[in-house]
Amino acid sequence: MSSEPVFVLPGDHIDPSLIPSHPKKPVRLGPGLRHVPPSDLLPTLAGQLVTDRQKNAIRVETSNGRYIPRVGELVIGTINKSASEVYFVSLSDYTAPALLPQLSFESATKKTRPILAPGALVYARVTLANKHMDAELECVSASTGKADGLGPLVGGMLFTVSVGMARLLMMPKKAQQGKVVVLDELADAGLQFETATGRNGRLWVDSDSTKTIIVVGRAIQETDQKSLGADEQRKLVKKLIKELS
Amino acid sequence: MPREAEPSLSERTFTLQAISEGLRLDSRKLDQFRPLELSFGDEYGVADVKLGKTRVLAKVSAEVTVPFSDRPFDGIFQITSELGPMVAPSFEVNRPTETEILLARLLEKTIRRSGALDTESLCLIAGQKCWSVRVDLHILSADGNLIDSSCLAVVAALRHFRRPDTSIEGETLTIYTAAEREPVPLSWLHSPFCTTFDFFGEDGEIVLVDTTWLEEQLRVGSVTFSLNKHGEICQISKLGGKPVEATLIIQCAQMALAKSKEFTDLVDARLAEDAKRRDKGGLMAELSAENER
Amino acid sequence: MASPTAELSHLPKTDGSANFAYGGYTITAAVNGPVEAQRRDENPFEALVDVNVRPAAGVGGTGERQLEAILQPALRHLIPVRNFPRCVIQVTLQVMETPENAYVNPKVMQPRLNLGIIPALLHAAILGLLTAAVPMKTVASATCLVITDADGSSVKVDPTPAEIDQARSVHVLGFTAGRDLLLAESEGSFSADEWATVLQTAEKVCCRSQEAGGDAEMGGYGAESENVQQFMRSVLEAKAAEGLHWR
C-alpha cells in the first residue's frame, strides 16, 4: 500500500512508476501535488511522496505548516463574534474566519438556538472550502440532523499541536498506524479524561482533575515537538505519572 | 487586518483555575523561571537569549560621529528594539504597538538612565568626535516575558562588545582596525537586570514569575523591578492594573534582588567561558595594549 | 569557504523558519502564511508576498528596501500566488551575521547596495517557505560572482567582501531548478561578452548535477562553491524524515 519513502521538493520530476494507475478509477491528487496540463504531476511541497494503490491516490506528506480547510474535515474553532444569522469562527490565528450558521446545531430552531459567547469552542465539520470564498462549517450532519459529537465544547483546555500530529491523533488506529501511544498509556495508568482533536492543529482535553489535563496536554505536546517514537513516549508517560504523584 | 490572537474561553478559565490551585501549564512552580540559555556569537557584541520559547538577539555596534551640541563631553548611546512580523503577523514594521513602546521605555530607564555604560568614556575629542554605541534588539520569537530576557540580552551584549582601540597624539586621532590592535571593552559601571512579577487572583494575591504569552494575557497587574546585584534600584514600574498589597511588593523586591544576583553570576560565567574559547594559547594577555592599573 | 549550514523550524511561533549560514553570512528567515491580508493590501486574485529585510545593526534603510525590491518578484515567481487570493505570505529575513573584515572599521549607517548578501537571503527565504509548507512551483538558488582585472579579465565565484570591494563589477544571478534565470543584478562596468560568460558560469555553478568531482571545467572555481540546491535537498530530507518517523 505505501511505497519506499521518496523525498520530493517542489518542481521535482516524479518517477512514473510511483503514479498509481488503476484501469478504471481516475488518479486522485491529494495535498502537495499540482496538475500541469496535459499530463504532468508536480509536487508543490517538500515532503514524502506517498502512493496509495488501493484508492488510486497520490499525495505529498508533510507534518508542518498552517492549516488550510478542506471539505469533510473535523476542526475545533473559536467563536469570534456573531452576526445576524451566522457565527464567525476562527480556525487558526490570523486567518480569515469561517462561517457557521446559527441554526446548524442539533434540534435548533429560530427560537431555541444555542447562544455561544465570543471565545467559546466548537467542534465542527467543514462543508465548503475553496480559495475564493470564506470557509463554511456545520455542527450537525446535513443528512441525518444528528450532531454525532459535534457542537460546543465546554470547559476543558485547548492545546495546540502541529497539523501532522493532529492527523495522527485522528487516525482510527492511532497506536498502530500513527505510533501515538501516549493517550493509551495515560489511560492505562489510571487517568480519566476525554479528548477531541481538530485537523487544524488543536486538541481539546477535559477531565475532573486539573493536573490530569495538564499532564495529558504536556504529553502530547512533547511527543509532537520532539517527534518521539513509541518507546520514548512510554518513558515520557512514566516520568509524567511519577511527577504527578 | 490580522487581528491580535486572543485566547479562547476554555483556555482562560482553565489557566486561571490552574493558577488558583498553584499549577502552571508547563508544570513549573509559580516562582520558577523557564530554562534560560545565553550564548554569544562569533562577532563581539552579539548575545542570544532563549527563555523557553522567547528568543531575543542583541547586537552592539559602534562608530565615530559628532557628539550632540549640548553634551560635548559625552558619547552617544542608544537602544533600539522593534517587534516585526517575525514575531507575529499582527506586528507591522514602523508601527510601534504598546508592547514595543513600553519595552523601549523600560530598557531606556534601566540601562541608559542608570548610567550602566559610562558615556563620558566614549568621548574622543570634546565637541568634535565621540563614539556612538547602539544596541539593536531583535526579537525573534515572543512567548511572554520579553522584558526580562531583553534586558539580559542587552546587558550581556554590551559587556561582550569590544570597540576599536584609539590613540590621540596632540590633535590627531588614530582609530585602529581589528587587525592592527585588539579591540577594547566598553567602560561598564554596573549590571542592572529586570525581573517582572505578574499578579493573578481576586485581589492580585497570587504572584507568578516569567509568564508565557497565554498567562500574560490573563494577568490582572504586573510590576517590574530593575536592580543590580548590590541592591541599587534603577527603576520600579507598576503601570496600572489591580491595586496590590504593599507587603507583596516588598516581597517581590526581595525576590528580584535574588534573581538579579543569579543573572549576574550567569552572565559572568558565560563571558568567562567565551573568553576562554577565544583565548586559545593564553595570548590575550600579551596582545592587550592596556596598561595594568 | 566553509560548507553551508542550516537549522530548520527553530522558531516555535512561526509557520516556518530557517537559519542559513554560508560565506560568512547568517540569515534567519521567518515565514507566516497564508494569513489574512489587511484591507489596503488585499488583492482579490492573488496572494501578496511581503518581504522584510532587517539588518543586523541599525534599522532598515534604503539599502534594505532595495534588497526587498529584488527578492520580492523572485519569491513571487516561485509561489503559486493565484491559489491564495486575499492572503499575504510574510517573509521576514533577519541578518544575523555578515562577514567580518578585520582591515576595515565598519560604518553602520551608510546605505549601500550589498549584492553579496542576496544569495544567502534567497536561500534562507526558500528554506523558510518550504518548512512553512507554503506551496511552491519549484526551488531556486543563486550565486554571486565578480569580474576582476587581477589575471586579465577573470570571473570569480563566491567572492569575499574584500574581493567585492576591489572588483570591477559584481553580479548576482539566480536560477530555478529547471535552469530558468530567476534574478539577475549587476553593478560596475562590464561588456556584454563578459556578462555572457558570467551567465554561463553562474548557470553551471547553480544547476550543477550530482556528479562528484571529475569535471575538468569546474576545477578553477567550482571546487570551492558548494551546490546549494543539493544541500537544501539533503537538509530538508533529514528534517522530513524526522517528522515522519512513524511511517
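Chains here go by letter, A, B and C, matching the order in which they are written, and residues are numbered from 1 within each.
Going forward, a residue touches a chain if its C-beta (ideal position, glycine included) is under 8 Å from a C-beta of that chain, and two chains touch if they have at least 3 such contacts.
Note that the coordinates shown come from a computational prediction; the quantities given were computed from them, not determined experimentally.
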| item | value |
| --- | --- |
| Remotest chain, subunit B as reference, centres from CA atoms | A |
| Chain pair, A-B or B-C, that carries the greater number of C-beta contacts | B-C |
| Centre-of-Cα separation between subunit C and subunit B, whole angstrom | 32 |
| For subunit A paired with subunit B, centre-to-centre distance based on mean C-alpha positions, whole Å | 40 |
| Multi-partner residues of subunit B (at least 2 other chains) | 2, 88-89 |
| Residues of subunit A touching at least two other chains | 94 |
| Interface hub residues of subunit C, defined as touching at least two other chains | 12, 32-33, 35-36 |
| Subunit C partner contacts - residues on subunit A that touch it in the complex | 2, 5, 7, 9-12, 32, 34, 42, 44-48, 50, 61-66, 68, 94-96, 131-132, 164, 168, 178-180, 225, 227, 229 |
| Contact set on subunit B toward subunit A in their complex | 2-3, 5-15, 17-18, 21, 23, 25-27, 88-90 |
| Subunit C - residues contacting subunit B, complex | 11-14, 28, 30, 32-33, 35-36, 38-39, 50, 52, 54, 56-60, 88, 90, 92, 94, 96-97, 100, 102-109 |
| Complex contacts: residues of subunit C adjacent to subunit A | 9, 12, 15-16, 32-36, 80, 83-86, 130-139, 176-178, 232-233, 236-237, 240-247 |
| Sites on subunit B touched by subunit C in the complex | 1-2, 41-43, 46, 53, 55, 57, 59, 61, 63, 80, 82, 84-89, 93, 134, 136, 138, 140-143, 164, 175, 177-179 |
